[in-house]
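First chain written, first letter: the chains are A, B and C, and each begins at residue 1.
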Amino acid sequence: MKKSKKLIALLLAAVMLFALAACNNEETPGTGDEVGTTAGSATDTYTIGICQFVQHDALDAATKGFQDYLTEQLGDRVEFSYQNASGEKTNCTTIVSQFVASNVDLIMANATDALVAAAAATEDIPILGTSITDYATALQIDNWTGTTGMNISGTADLAPLDQQAAMIKELCPDAKEVGILYCSAESNSKYQADVVAEELQKLGLTSTVYTFVDTNDVQQVTQTAVDNSDVVYIPTDNTAASNTEAINNVAEAAGVPIIAGEEGICKGCGIATLSISYYDLGRKTGEMAYDILVNGADPATMPIEYSDGLTKKAVTERCEALNITVPEGYEAIVLEDETAAQ
Amino acid sequence: MVLEFLQSLPSPIAQGMIWGIMAIGVFITFRVLDLADLTVDGSIATGGAVLVVLTTSGWNIWLALFVAFLAGCAAGLVTGVLHTAFGIPAILAGILTQLSLYSINLRIMGGRANTPISHRKYDLIVSSNENLLPQTILTAAIFIVVIIAILYWFFGTEMGHSIRATGANEAMARANGINTSSRKIFGLVLSNGIVAVSGGLLAQFSANADINMGRGAIVIGLAAVIIGEVIFGKIFKNFALKLFACVIGGVIYYIVIAIVLKIGLNTNDLKLFSALVVAVFLGVPYWKNQLSGKRSSKKDKQPKEGKADA
Amino acid sequence: MLEITNLSKTFNPGTINEKVALSNVNLTLQDGDFVTVIGGNGAGKSTLLNMISGVYSADSGSIVVDGINVTNKPEHKRAKYFGRVFQDPMTGTAANMEIAENLALAARRGKRRTLRMGVTSKEKAHYKELLKTLGLGLEDRLTSKVGLLSGGQRQALTLLMATLQKPKLLLLDEHTAALDPKTSAKVLALSDKIIKDEHLTAMMVTHNMNDAINYGNRLIMMHEGRIILDISGEEKKKLTVEALLHKFEEISGSEFANDRALLS
């Protein structure tokens, strides 16, 4: 009787594991991220561990760009071990420790939490970050010179914040009070908000920060923000990205324009954005990986690279509704056309 | 693949040990006091936040860890007072404290959701760095031994007995002159202090303190407690060994997570998986009692009809 | 020894469930009194004991023990004056603690709990001797969890715990009601022996009229929150169940509403 209880418990645990495995098998083929080919050619083959923090369009695109570039260059001489931490910081640590234990040739850390975990885990294996907003903060580097001085380099996803601040002024010349809206649980957002606030001050605008804790209070906080601002700015914020519908409902009713830090949010609730392509960012990270693996470049001296494909984009439909004239040089974002995103 | 996996085990083991310390804290409220305390989701992050903020501003890391402990104690005190002095049910009191800790933790970290602490810059007590892992496991083991030794001694004292009695039978405790309110508060303080220490270590291990690091912590803590009980419940009768079982439960939990990640299961389902493990391990003993009716009646409260025998 | 003056208690006042449990109860106990308390269902017997021990607070009136007014003291602060045994054998002991630990807890009733050992080896030896006097074989099970004991064993243990530190007043609240007749008689005899040996002052609530008559030197009967009968001395010794029932009907003007009391 006593033994059978333990047995039942173990059996149940096993059944759950298999159930999970079954679920997984149904879902993964679509993503196609788990490439697992082994090389047979004469030259070196490389194993790259990819730790992505969370399932997210932008991050997925970066991973894809990274893999695409390297596959183009190295063919089957590169093998990817892709693992996703599902938004759980502690999983990043576990994933990265497995990469370190199997001694991969390079770790690609997609998003800040993955980078922090990788940086903690190893000082020897080269690490490339991507979709990172601020390397200096993530790695605690005081005198930032553009390189990390350690086994780490990578690409940053920051669209220049001064240009974003300028865009607010450009599109809403009459605005005086800017509301900055983001989720208090995302440290990247705070960094961007701080910089943008500073830039806005230089431009003679005042700004106020409005933060929500999670999905539940997005609506109320947005309401407060639009009630007290002439224009609202939302940085690259994952929680905001998931709640654009709710934000849009509030902002549209109030007739307050929103300038967004990235395209996804802009499409959902904004009028304009300065957009970068995460796919290109991923490809650029891939180039850096190639440099390290094949040419023996040292990540410690490789400067952090930024996206060069900056595009000003505006949502024509919303601009018209708000009587905002879009100046020259803006690419139009057409709503209800999801497939055109990539 | 198997060999690689074995080589990667030290990291989940170390992580599991640190969570095991947290599970010891959970054990005090959940098993000794018979309270489900949800404060821990907040106090673990408080511990991490305090440690990282103090250490990065130049404090000695051990002193910072001690302050983290005190901060966790304070969180437990708030829950305890809400529960006993204001009559708020323990679960709700814990939720209230946990909720308020979100704001407090943000304030501790200066409004930032995430504060990094790198082993390259600070002399950390524990770290997930490959070269520091053996040291980390040893240090975690020392923490565990010391904490268990102190708790074993404490729960054998008059004071400790009175806390155990409060959890076992409040009416009896009061009839024997024990102030059950103060004992509950004390238990919550102690538990959250230990949880915060675990949070302080965890932040070092994962190289940053994060506002969300405690989300779902109670489930992991309970999972560790329950896995430990299911596996060792029949062998470990001694109080110290029971605490030790919590730690092993934590280690097993993280090894399972590592396996799940390694074989490429969808990590989206991890939370569901954790919740299921806890639900099943909590539920199985209950069903067993229900099914073997006679044996269970001895353990459960005797129904009033029992009088009819007289 | 115990002076209760005008003690009243109403549960759920102002609601549809309002119930007057005690109304203006006055009772004085002398040192060494062993009072049995009887009465129908809901007469207020258990409420009276719970009010004395502080489980419920008083609406009005006062409770004075040995010159100390305890009316407004919380339950755990009053505990040092009272030893208590409850109806439910589960209530008096901590099931998942050892027998020795339970006794040690009781031994410290009313004392400061410090960081000294919870049970010393000297105490254990003492408890072993005490448990031997129960004749239940518990002396060899000092480290057993109390949850493993039978209801009768637990009540005997609780009795021992209640008197380990001599209480000013021992409160027995139908403490044999949940036991089978044989065990019940055993526990009752044990209670009587301890009360006599230790010269304790005691109150015992019971449903059983025979027990109420056979034990103690004084008997009070309650009805609707009042004491309607108080017999002691020679008069009590001469009491019979029939006489008692007759008296009850005479005073209360109703039938004694308790099947079990009649049957036993």
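As a working rule, a residue touches a chain if its C-beta (ideal position, glycine included) is under 8 Å from a C-beta of that chain, and two chains touch if they have at least 3 such contacts.
The shown structure was predicted, so the numbers you read here are calculated from the model rather than taken from an experiment.
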| item | value |
| --- | --- |
| Topology of the chain contact graph, where touching chains are joined (line, ring, star, complete, other) | line |
| Label of the chain whose CA centroid is most distant from the centroid of chain A | C |
| Closest chain to global C-alpha mean, per-chain Cα centroids | B |
| Chain centre separation in whole Å, for chain B relative to chain A (CA means) | 32 |
| Euclidean distance of C-alpha centroids - chain B vs chain C, Å | 40 |
| Distance from the mean Cα position of chain C to that of chain A, given in whole angstrom | 70 |
| Chain C partner contacts - residues on chain B that touch it in the complex | 154, 156-162, 164-165, 168-169, 171-180, 298-299, 301-302, 306-307, 309-310 |
| Residue numbers on chain B that touch chain A, as the complex places them | 4-5, 7-12, 15, 56, 102, 106, 111-121, 127-131, 202, 205-208, 210-213, 230-231, 234, 254, 256-270, 273, 276-277, 280-281, 284-285, 288, 292 |
| Of chain C, residues touching chain B in the complex | 53, 74-77, 79-80, 82, 84, 86-97, 101, 104-106, 108-111, 113-119, 147-148, 151, 161, 176-181, 184, 260 |
| Complex interface listing, chain A residues touching chain B | 1-2, 5-6, 8-9, 12-13, 16-17, 20-21, 23-24, 27-28, 34, 55, 83-86, 88-98, 100-102, 112-113, 116-117, 119-124, 137-140, 150, 183-187, 189-190, 213 |
